[in-house]
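There are two complexes below, and they share chain A, which is joined by chain B in the first and by chain C in the second.
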Partner chain A sequence: MNLPGFILRNAFRNKRRLALSVSSVAVSLFLLITLQVALRELTNPINDEGSSLRIIVRNKVSLAQPLPVRQLQVLEKIPGVVAVTPFSFFGGLYKGDEKFTSFAQFAVDPARTLPLLADAKIPKAQLDAWIADRTACIVGQMTADRYGLKLGDRMQFTGQIYPCDLDLKVVGIYHGTADDRNLMFHQAYLDELLGNLGTVGTWWVRASSVAEAPLVTERINQAFANSSAEVRAESERAFVLGFVSMWANIKTLIGGISIVVVFALLLVTVSTMSMAIRERFRELAILKALGFRRRELFAFILAESFGLAMCGALLGAGGAWVMYHYLLNIQKLTNGLFIMFEVTPKMMGLAFSVAALLGVLAAIAPMVTVARTSVVQGLKTLD
Partner chain B sequence: MALPLRYSLRNALVRWRSTVATVLGIALVVFVFVLLQSLAAGIEKSSGNTGDPRNLLVVRKGSTAESASLIGRQNLQDIRYLPEIARNAAGEPVISADVLVLVNLPRRLHNGEANVLLRGVTPRGMELRPQVHLVAGRWFVPGHREVVVSAKLARRFANFDLGSSFKSGSATLTVVGWLAGGGSAFDSECWLDADECRSLFERDMYSSFLIRPVDAAAAARLIDRIENDRRFKLKAEREVDYYRKQTMTAAPIKWLGNFLAVTMSVGAVFAAMNTMYAAVGARTREIGTLRVLGFRRRSVVLALLLEGGFLALLGGILGCAIAFYWNGYTTATMGMETFSEIVFEFRVTPRLVTEGLIFAVAVGLIGTALPAIRAARLPVIAALKAI
Partner chain C sequence: MSEPESIVTIRHLSKIYAQGDIQVTALDDISLVIAAGEFLTLMGPSGSGKSTLLHIIAGIDRPTSGECLVQGIDVTKLNESQLADWRNQNVGFVFQTFNLIPVLTAFENVELPLLLTRLGHAQRRKLVNTALDIVGLADRSHHLPKQLSGGQEQRVAIARALVTDPKLVVADEPTGNLDSHSAQEVLGILQSLSRQVGKTVIMVTHDPKAAAFGSRSIHLEKGELTN
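Coming up: the complex of A and B.
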């Protein structure tokens, strides 16, 4: 029998324990990856060219404070601004949803919105229909799929922020943006329902180039400084990051907890793996008596423990990757809370490093004992 | 005959080296579960603790929160002199029309920004909320640009010290006092004069009315009247009922706690199983002896289950103890209803501790079941021969 064969035989000697140990490593690494993916998705918004070109302008007081519609003329004249549209978050409850509607509704000016929806794929005819009809709306493919919407359907919303209800007709379905969920309708329709207050929620601006975007942001902030409605302009990404920062301590807490989770499971795994070797002291003593060197015994122990950890990693991390990439529809499962749920190579690397570390750590305690125990003592050991 | 309880307990403790990791593992699982649930409990407790059962709160129909509600001025005139509303000593109706404004302000230590809820409140509104009292400084003077901030928020936001001021929109507000809400949702608010608030933030409309009806019967009549009057698109309910429902923020935290508990417990069950299989394996001869002595199979199973359950219980107690360290610790997040920073405390309630312990014992028992059955099935003679 050769050495790898010997190690393999040893590993498979107690099949039940092998299975239990490998599965607990797998479970912990699966959880590690899941938490990492979730945390990344919650704290790290999409970063593509479009999102750095688009700028959101809100009232400096807070997002809840409206902006006067007269700012439009000023915004349009600012150098580097390609397009501007009102962008009012309606935040309504879709008819049939109990407490919470998972997609946002925005009031915009359809004729001005096209440059801001550069990535969206939508037939020209549908766009024209939207622009032509004041009560028309377009919805993202994901929302359309989720609620089984088709062209011509009507959608009713109860206003939770605005004191009015919407009755909209679906005339277009778009796809191809980073988040195909949002519904867009006419600001003019909202104004009519509210009795023309002369305000909008925020402005949505497109800058001429990525390089120009920070300058445009600065110019917009300057343009309204010391006016009655001062603004805060920021890139779409910075805007979303601002939201993330409002989660405050919860974010840190969840990060901390994922460390505890992984630590807890690793602890348990280390103990079970060293148990497997402790049980074998008598044999190791015999090997020693036969003339095997200490470092050869170390190699046996390390190879077994390392191999076991790696099997767990393959199963857990690999399983997570396969599951989130191919098997599960996370969007559907989490009601649209998570869109991408992408397992990055970095996370896989992390999981495998943790497993490697675990394999080494689990081997240390038994190795120390083996080194310390004399052959006679080892032969005397009963369990 | 059953084995003495002491047999199980001493067995669990005698091989402490191999069991300590299992106990710790279970402790950490219980810790994560109890800690996350205590956050959710803290949020629920703070909103459940808010309001006076005699008060009615009126908001716009359809709005989920006071801060997202808008009520026209005409409605105040229509409701104000209804006979169901109590009068104070001066003969004025006890009704407060408040204005709520979300303001984006910087945190201390340049730690980003967050929304803070400003409440423009009237003298009646202050009388109707006896939970709120001043802990430092003085109250604002009507007509002055002064604000009294929550003492708990003051620790988190820059410029919230007494005497400092912050700019929002065209207004510069000076902090003249700190308020405390006695563990209620008011601990996450800053108060200023209602008229001042409306003029500073150009609010024509009110956000909510807080009313003290004459008595309970009048309250029921008033709710009926407001909800059924075609002129109003308003919703009236008891103030305590309104706040009790403001717990949307707790839901995802609860969900996460449960999710982690379930997934982690799978790993913990594997660990407990491994430990107990090893325990059974090491004691094969002993178990054979017990059987020869006349102990029944089910006694052996019971003794082992007790052993596993006891180990897990130790873990559970340890986990709860670690979680209890955070009990009462103040933390904050963004409220899902108000979109503003809400402060609350970790609340490790007796119920959570019980749940945590039950959960731990369940993990222990599930993990022990298979090894215990295996032990009971061992053929007596073979077991006695085992080394």
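Coming up: the complex of A and C.
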């Protein structure tokens, strides 16, 4: 026998409690990682090269305020602008969805949109069909899969923002973009339903290069400064982040839940370690009498506490990694609400750091008690 | 004939416990000399201070005043860490409730004090086997405490007390939880340790029959020596 062996024997002395304690740490860390992944997914939009080239132009007053269609001619002439299309968020409720439709519908000018959809893979015949038919639409592969859509199907939407409903024909299904969920239809069709108001929701602009994009953004903002419809141009990524910030304080909410999870975890681990040490108090006194010093007893307690927490981390964080990487199709499970759901090394590091901290903190109270108790007091403890 | 060498010398030892505003005197100005190789029994009624005296001699409790020299070292002056080392090298403990570690086998329980030494695995094994041999339990070395009888458990505890080859063995009512047959065996072992191996054994007991195994008996009452 050696000292590590002795620590292991002690740790496995009450197998049921050990299993329950490790499980509680594991489940809590699994939950912590899941929250972090969800937070990342919600607040960290995909940042590919395409999204760096694309610029969203919205009304400076508010996203809800439309922009005049006459701005198109000005935008097209701004140096560095390769393509511009109207980009109006319809926000309709798809027939059959009771409260929430998980994919966005955008009104665009199909012919002008093609350069902005450079990543999208879609047969040319379908693109041509879309351009040719005013009531046609294209949908992302994920949405098509979710609703079992095929070419020729009709889709009806009830307007939630605009006072009109849509009746669209699916003529194309695309894939290969960072988010294959969106539906796109003709701005002209929306204009017709609304009585040709001469406005669009936002403009979608493509810059000539990544380096040029910030300059183009600045030029657009300057071009409409002091006009009757001042604009705010920003990269697609910045726009999405700004959009997320409108969902109240989701970061604070998830952060708060994470702190509660960690705190509950701390209480469980401290309680477990305290119980484990309390029932061995007499034995620790015997070890002291036999010549074991405080630091050796501290090492026993710390090793056991740390080991318990790290086993929980291995199971919980490791389990989350395996589950989200290999076992679960989160896209399918959440009906496309979450796309990546990726456990990053940073999150694994966070989980193991939390576990390590818990292991140390949970050992402190028992160590203080052992340090304060003399051999004679310990020997008087009832078994 | 020369006087036997003393192993324990106690001078004006007092121990006072403070319980709130009340002070309880457990030991009152005790002076005592214990010779090397002696089997001394400490007797007296409950609360007379005999266990407290034993604990101070063994270095697991501290007096309020006075000196306690064991092999010339005043154990009352050692700090916690020094005391732990000193106990490991110089004192073997036998308790009333055996106090074996339940998850360790008899062999591993006996080996426990040796984990603090620099001895190699083979050396430890040899010493443990010798100690178990002395108490007649070599064939039970791989048994867990729950697989042993009370008497056997106490013999394992004695083997654990002997394995570091200490000069001093202290036993606090070692037969209190044993039947008379097992008690005779344990007392016989302690007696032979004193007579044949030359260990100094100090034993606390209530039982005059157990005390009869000792070479000398002293009585305490209300913290004072009465003989």
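We take it that the second predicted complex is superposed on the first by the 368 of 383 C-alpha atoms of A that agree within 3 Å, B and C clash if a C-alpha of one lies under 4 Å from a C-alpha of the other, contacts with A are read in each partner's own complex, and residues count from 1 in each chain.
As a working rule, a contact is a pair of C-beta atoms (placed from the backbone, for glycine too) under 8 Å apart; a residue touches a chain by one contact, two chains touch by 3 or more.
Since this is a predicted model, take the numbers as computed values, not measurements.
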Partner chain(s) touched by A:Gln73 [first = chain B, second = chain C, both, neither]: neither
Touching partner for A:Ser271 - first (chain B), second (chain C), both, neither: first
Touched partner set for A:Gly291, first chain B, second chain C, both or neither: second
First (chain B), second (chain C), both or neither touched by A:Leu31: first
Which superposed partner A:Ser62 touches (first chain B, second chain C, both, neither): first
Larger contact residue set on chain A - chain B or chain C: B
Overlap of the chain B and chain C footprints on chain A, listed as residue numbers: 383
List of chain A residues in touch with chain B within their complex: 16-17, 20-21, 23-24, 27-28, 30-31, 34, 59-65, 91, 93, 99-100, 158-161, 163, 165, 228-230, 232, 242-243, 245-250, 253-254, 257, 260-261, 263-265, 267-272, 275, 278-279, 382-383
Parts of chain A lying in touch with chain C, wherever the complex brings them together: 1-3, 6, 9-10, 12-13, 282-283, 286-294, 296, 374-376, 379, 383
Footprint of chain A on chain B - complex, ascending: 18, 20-22, 24-25, 28-29, 31-32, 35-36, 39, 60, 62-64, 67-68, 70, 101-104, 111-115, 168-170, 201-202, 233, 248, 253, 256, 260, 263-264, 266-268, 270-271, 273-275, 277-278, 281-282, 331-334, 339, 341, 387
Touching residues (chain side chain C, partner chain A) in the complex: 55, 58, 60-61, 80-81, 84-85, 87-89, 93, 95, 97, 99, 101-104, 108, 111-113, 115-116, 160
